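Heads up, the next two complexes both have chain A, just with different partners, chain B and then chain C.
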Partner chain A sequence: MSTTATATRQRGGSAIAWALVGPTLLLLIAFNVFPLLYNVALSFTNRELVGDESRWVGTANYTRVFGDPLFAGALRRTALFVLCAVGAELLLGFALALALVRDFRLKRTVLAVVLVPMMLSPAVMGLYWALILNGNYGVLNQILGAVDLPQPQWLTDRDLKFWSIVVIDVWMWTPFMALIALAGLSAIPPHLYEAAEIDRASRWRVFARITLPMTAPLLGLAVLLRATDALKQFDIVMATAGPNDAATQTLSTLMYQVVFRDGKIGLGSAFACVVLVVVIALATVFTRYLDHLRRAREA
Partner chain B sequence: MRAVRWFVIVVGLLFAALPLVWMGLSSIKHRSDTISQHLRWIPAAEAPADAESPTFESTLDSYRDLQTVHAGAQHSFWHHLWNSVIIGVLSTIASVVLGTLCAYGFSRFRVPGEKDWLFFILSTRFMPPLAVVVPVLIMYRALDLQGSHLGLALLYTVFNLSLAVWLMKGFLDEIPRAYEEAAVVDGYSRFGAFVRVVLPEARTGIAVTAVFCLISAWNEYGFAMTLNSSGAVTVPAYFAGLQGNIEGMPWPQIAAGALIFVTPIVVFTILVRSHLLRGVTFGTVKQ
Partner chain C sequence: MRSPLSRILSLVVATAAVLLGACSKDPAPSSAPGGATTPQSITLWWFQWAPADGLQELGREFQKETGIEVKVEQIPLGSYQEKVFLEFGAPRTRFDIVIGDSQWIGRGATKKLYLDLTEWLPTVVDLKTIHPRAAKYLCEYPEGSGKWFAAPCETDAVGLAYRKDWFDDPAEKAAFQQRFGRPLAVPQTWEEFKDVATFFQRPDAKRYGCSLPSDRSYDGLTMGVQNLLWAFGGRWHAETSNKVKGELDTPGSVAAIEFYKQLVKLGPNGAERMDYGQVLESFTNGSTAMILNYFAFFPGIHAQFGDKVGFAVVPAHEGKRVASLGGQGLSISTHIPPAQQELSKKFIAWFLQRKVQEQWITKPAGFTANSDILKSPEFRAKAPYNGPFAESVDSMQDFWNVPVFNELLTVTQRYVGMAVDGEMPTEEALRQLAEEKERILKEAGLL
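After this line comes the complex of A and B, so read on.
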C-alpha cells in the first residue's frame, strides 16, 4: 500500500467507517445472532406454536432429540444426501468442464444453456420434476415404456425416492461445479502442458500431475460451498415427498415437521440448536479455507 | 477423445435443457394431455384421432387460465407474481444500498476487527432458514409483520447482505483510490467523491450484485412458506401450496406460470454471464 493510500484510509476517522458498516452489522446481529440465542432459550421450554404459555423444562428436549430415531435418521440421511449429491455433482461437473475447456464455435451459447438450472428456483423446479418423474404419467416413464424398459415409481417407491431427489439436486447444481471447475482449468498456464508434451508424459500423468492439482483448490472451495448448501436441503424434498416421509426426511424438513405440523416450538428449537452446531462448525472450516486460499494466492 | 468430448457436451446440454423444453410443451397442452399415459410431444393444430398418437392439440388456454383462482388458493398466479416482484425488488434495493455502503466502509476505512467482521458476515449465509425461523416468527408475530410484504422483504434483505457486501467489496477494491483522491483535490467532499466518482465506476458491480440478490430472493422458499403462508404469498410458496388440492394439480397452468416465473431469471443469467463465477463464489473467485 502506498503512503497516500494509507493516509486516505486513515483520514476521515472511524466514525464514518462505523456509520457505513454499522447498519449492516446491526441487521445481521438482529436477524442472526439474536435468533440464535433466542433459539437456545426456547429449546429449554415446552413452548408450542399456538398460545403463549411456556414452561422451563430443563434439558428434556435435548434428551428427546438425542434419543429420537427420527433425528438420527434425518442426520444420517442428510449426510448421505450431501455426500452423494455433492460427489456426483463434482464428478459430472468436472467432466463437463473438461469437455468445455477448449474453445469451439457457440461455446458461449452452450455454456449459458448448461448453466441455467442453477439459477432457477429449487422449489418450483422440484415441483415440476415431480411431474416429469411421476410413475403413471411422467415423461421419463413414457420414454422408458416406449423402449420397453421397466417403469419404476420414482417418487413413491421407498427405495427410489431418496435417489430421485439426489438426481434433481444433481440436475440443479452440476452446472455450479462445472462453472467453478472451468475457471480452474482455464487458469492453468499453457506452458505447463507444453513442457509435459516435450517430456512425452502420458495423458493420465498430465491429468494427475498438472490438471488435477492445479484445479484442486477451486474444487475444494466449490465442494465446501455446495456441501453447506446441500446440508440445508429443504425445497426439493418438500416439492417431491413432503416433510414427513420416512425415506426422505432431512434435517430441515424434520424441523419443519416438528415446529409447523406438530406445533412443538421448544422441541424444534432443540433440534435447531444441534443442527446449528454442525452448521457453524462447517462454516468455520469454510471461512478458514477461504482465508487460506486467499493467502496462498497473495503469496 | 474428440468424440467423448462432444458426447459429454451434448448430454450435458440435453440434461440441462430438456426439462425446460418439456415445461414449454406442457404449458401449451390441455390438462388431460399432461397426465396422459402416452408420450405426447408433438404440438398439432387439432386433437389426434388415434389415442396412441404422439401429437397433442396445442392451446394457449393455460396462459389465459393463469388468472383463475385454483382450489386451495385465495388468489390467482398474477397476484402471487406481483407479491414476488414487490418483495424481490424492495429487498434487492435495500441489500444493494446497505451492502455497497458497508463494503465501501471495509474497502476504504480502517475498521477494527475488519477480517472477523467480514467472516461473520459471510457465515450468516450458512444458516439454514428452518433453524432460525422460529425466533423470527415469534418476533414477527409481536411486530405484526407475519404475512406482510415488508416482513419478508426485510428478511431477504438481511439474508442477501452477506452476498451484497462480499461481492461489492470485491468490485470496490478494484477501483483505484487515486480516483477519489483526485476528486477530493478537485474540491469534492468525501461524500461527493463517493457519489460522483466511486458509484459510476462501480456500476457493473452494482448491477451484478443486484441481479444475484434478486435471484436469491425470487427463488427463496423456506422463509416464504413458513412466515408468509398467508397474506403476501410468493410464487414458490403458491405453487407448492397447490399440491394435494382436491381437483388435482393444474399442470398446464403450473408449467405456464413456472415458465413466466423463470424467464426473467434466464434473461438476467445471460446478462451477467461473464460475472456468474464471481456471483456464486461471493466474489472470491474472479476470472
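After this line comes the complex of A and C, so read on.
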C-alpha cells in the first residue's frame, strides 16, 4: 500500500472521529463550558434579573459573599446537612443491604418496595412530607395525638425543622445507598467467605477484613454521588420551609433567593462560583481517596 | 455511492439543522387565509385565585363590546413573582398587562418595565374617583408623586373574620363576662383581641383562638405583623425619608412584635407559620374563632358559613388602627408592540368605568378602588364584609414599594421571624434589621 493511501485513510479516520465527537463537544461547550464562563464573567458585574444595566464591579460581589453572615450560615448548614444526611444514609443503607443480601421469600418484592422512595420526585415528596409533618393537621401528629403523645411542630419548631428535612432526605435516599451496597456485597466472591470459615474467623473479623474492604470502593462512589447531590439540596427545603428560613436555608435556596427573588444576578453568580469551587474541591479530595482505596485493594 | 464519512456529515448537518430550527424564534403571526385580519386579543397575567375568574368574566363582556379578546392567565401564587420578572427579561413578554403586587411598582417603574400612564390615565378616568390610598400605594411611584404606572384592579386590605355564632352563644357570653368582666364582643383593640383569642383557645376541644398570617416563604409574616407595628407606634421607615435606624428599632415596634408573639400561640398547632391559605383553612374547617386575612378571601367564607360569621376592621391600639394593604394594579408591559399597548389601554379605560366597576364588585372578591362606590350605602349593604372593607381602605398602608423591596422583604421576614420564633431577642432583631435595611437602601442609592 502506498504512503499516500495510508495518509488519506488516516485523514479520513481522523475526520470520522471528529465528526463523531464534534456534536458532543459542541453541546458540551454550548451547555457546560459557555454557561460556566459566562457565570464567572457575570459574577464581576452588578447585573440584575431585569433591566439592561450591567457594570463591572470588580471583586465586590466576592467581598460581599465572604462577608455575608447568610452565606456563612448557609454553608455551615449545608455542610451539616451533607454530613448528617449522607452519614445516616450510608449506615442505614449498608445495614439494609446486609439484610437484603441473603436469599429469602419475597426478596424481590421487598427490594422493589424499599426502592420506591428514591424513584419519586423530591419536589413532590417534599410537598407530601410537608402535609405529613404539618403540626396542625399532619397525619403524623394526628397519630401521635391519638395515642396521647406530644405533637411536636416538626416544620416550625426552630430546633426541629432542620432535622425534619434531614429525616426526609434520609428516607428518600437510603434505598440508593442500599442498592449500591447490595451490588458491592453481591460481587464479593463466595470463596473468600468459605476460606474465612475454614480459618474460623469471627463474624466481626469477616465483616472488617472482607465485607467492608470489598464494598468500600462502591460505597465510596455512592457517598460521593450522594454528597454532591446533597450539597445542592433544594427541593425538600423549598417544599417544606421555603427559601428564606434562617434555620433551614441551604446554599441552593440562598442562591434562589438572591437570584430569583432579589433579582441580583451578579451577586448570585458569585455565590455560584464559590459553591462550585467548594464542590470541586470536595469531589477531588473524595475521588483521590477512592483512587487510594482502589490501589490498596489491587495491591 | 456515498462514502460513510459523507453520510455521517450529512446526518450531523441534518441534526444541526433540526436543532437550530427547533431553537429558532416562533414565527411571526401571519394573517389569516384570504387576507382576513387576525382577531385582536390581549393577555393578562394574574395569580391563581377567585378574582381572576371574575376578571375573565368581565373580559368576555369587553370582547362583546369591542371584539378584542381578553385572556386572563392564572399563575400559581408561589411562583408568580419569579415568572413575571423572568418574563420581563425577554424582549417580548407573553402578557400585555400584568396585575402586579403593589410592592412591585418601584421595580416596574424604575426598570422601565411598566408603561408610564401619567399622561394618558387622566384622559380616561377622573383620578379623583380613585381612592387616594389605592392611588398612592397601588398605582403611583414614588408614592404620592402623581406618576402613574398602574391603574387599580383589585383593592384589598387585611380585615377580621370571626365566628358570629360563637360570639352570640349565650353560654359563651356568660362565661366570657364572668372571666373578663365585660361582654363578649367583636374586639376593637388588640388587647381585646388577645382576650377573646385566649378565651376561645381550647386545644383539647380542637377549638382555637385565632390565626394570623405568619408564613416565612414570601410575605405572610410581614403582612400580619405590620397591622400591629403601625398601631403600636412603630414604622418601617421615617415619614418623609427612607431612614430606618431610629424609626424601626423603637419601643413601639418591639411592643408590637412581642404582642404578635403572644397572639400566634393562641392558634392551632403550627400557627407560627401559616400562609394565607392555611389561615383561611383554619377558619373554614370550623376550628378557629377569629382570623386576620385579606378581604378577598372573605366572600368564600361568607358563602360557606352564611350568617354564622361576621367581618370587621382590624383592631386598634390606643386609638390607632392601620390595615395592611393588599391588592394589585393593572400595568402595561413596555416589552410589547405599541399596537398591543393601545389595546391594553382600551381594556383599562373600559375597566375603570363606573358601570364596569359596579359589575366588578359583584364578582367573587372583586373589590374596587372607586371612592364613590366605596362610599355608597348600596355597596356597604350588598355584603356583610363590604362595610368593614370600605372602612379599612381609609386606613390601609403598605410595606416598602421601592425597587429593592424584595431584599427588604427578605431581611424583614428573616429578622422578624427570628424574633417571633424566639431565636433572637426582639430588640436585637430589630436593630440588626434596621442596619441591614439601611445597607440595602444605601447600595440601591435610596438613602
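Definition applied: the second predicted complex is superposed on the first by the 269 of 299 C-alpha atoms of A that agree within 3 Å, B and C clash if a C-alpha of one lies under 4 Å from a C-alpha of the other, contacts with A are read in each partner's own complex, and residues count from 1 in each chain.
Methods note: a residue touches a chain if its C-beta (ideal position, glycine included) is under 8 Å from a C-beta of that chain, and two chains touch if they have at least 3 such contacts.
Because the structure is a prediction, the values reported are computed rather than measured.
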| message | Looking at A:A241, would you say it contacts chain B, chain C, both, or neither? Reply first, second, both or neither. | response | second
| message | With both complexes overlaid on chain A, does A:A146 touch chain B (first), chain C (second), both or neither? | response | first
| request: May I ask you to decide whether A:I16 touches chain B, chain C, both, or neither, giving the answer as first, second, both or neither? | output: both
| request: Decide which partner touches more residues of chain A, taking chain B and chain C as the two options. | output: B
| said: One more residue to check, A:D262. First (chain B), second (chain C), both or neither? | reply: second
| query | Which residues would you name on chain A as touching chain B in one complex and chain C in the other? | reply | 12, 16, 19-20, 23, 134, 136-137, 242, 260
| Touching residues on chain A, where the partner in the complex is chain C | 12, 15-16, 19-20, 22-23, 48-51, 134-137, 141, 151, 153, 155-156, 158, 241-247, 257, 260-264
| Quick one: in the complex, what on chain B touches chain A? | 4-6, 8-9, 12-13, 15-17, 19-20, 22-23, 26, 34-39, 41, 98-99, 101-102, 104-106, 108-112, 115, 117, 119-124, 126-136, 138-139, 155, 157-159, 161-162, 165, 177-178, 180-181, 190, 215, 218-219, 221-222, 225-226, 235-237, 239-240, 243, 249, 251, 254-255, 258, 261-262, 265-266, 268-270, 273, 276-277, 280-281, 284-285, 287
| Mind pulling up the chain C residues that touch chain A in the complex? | 3-5, 8-9, 12, 15-16, 81-82, 85-86, 88-89, 107, 111-113, 215-218, 268-273, 278, 282, 285, 404, 406-407, 410, 413-414, 417-418, 421-423
| field | chain B partner contacts - residues on chain A that touch it in the complex | value | 4-5, 8-10, 12, 14, 16-21, 23-25, 27-28, 30-32, 34-36, 38-39, 42, 95-96, 98-100, 102, 108, 110-125, 127-129, 131-132, 134, 136-137, 139, 142-143, 145-146, 171, 174-176, 178-180, 183, 186, 218, 221-222, 225, 228, 231-232, 234-235, 238-239, 242, 251-253, 255-256, 259-260, 265, 268-269, 272, 275-276, 279-280, 282-284, 286-287, 290-291, 293-294
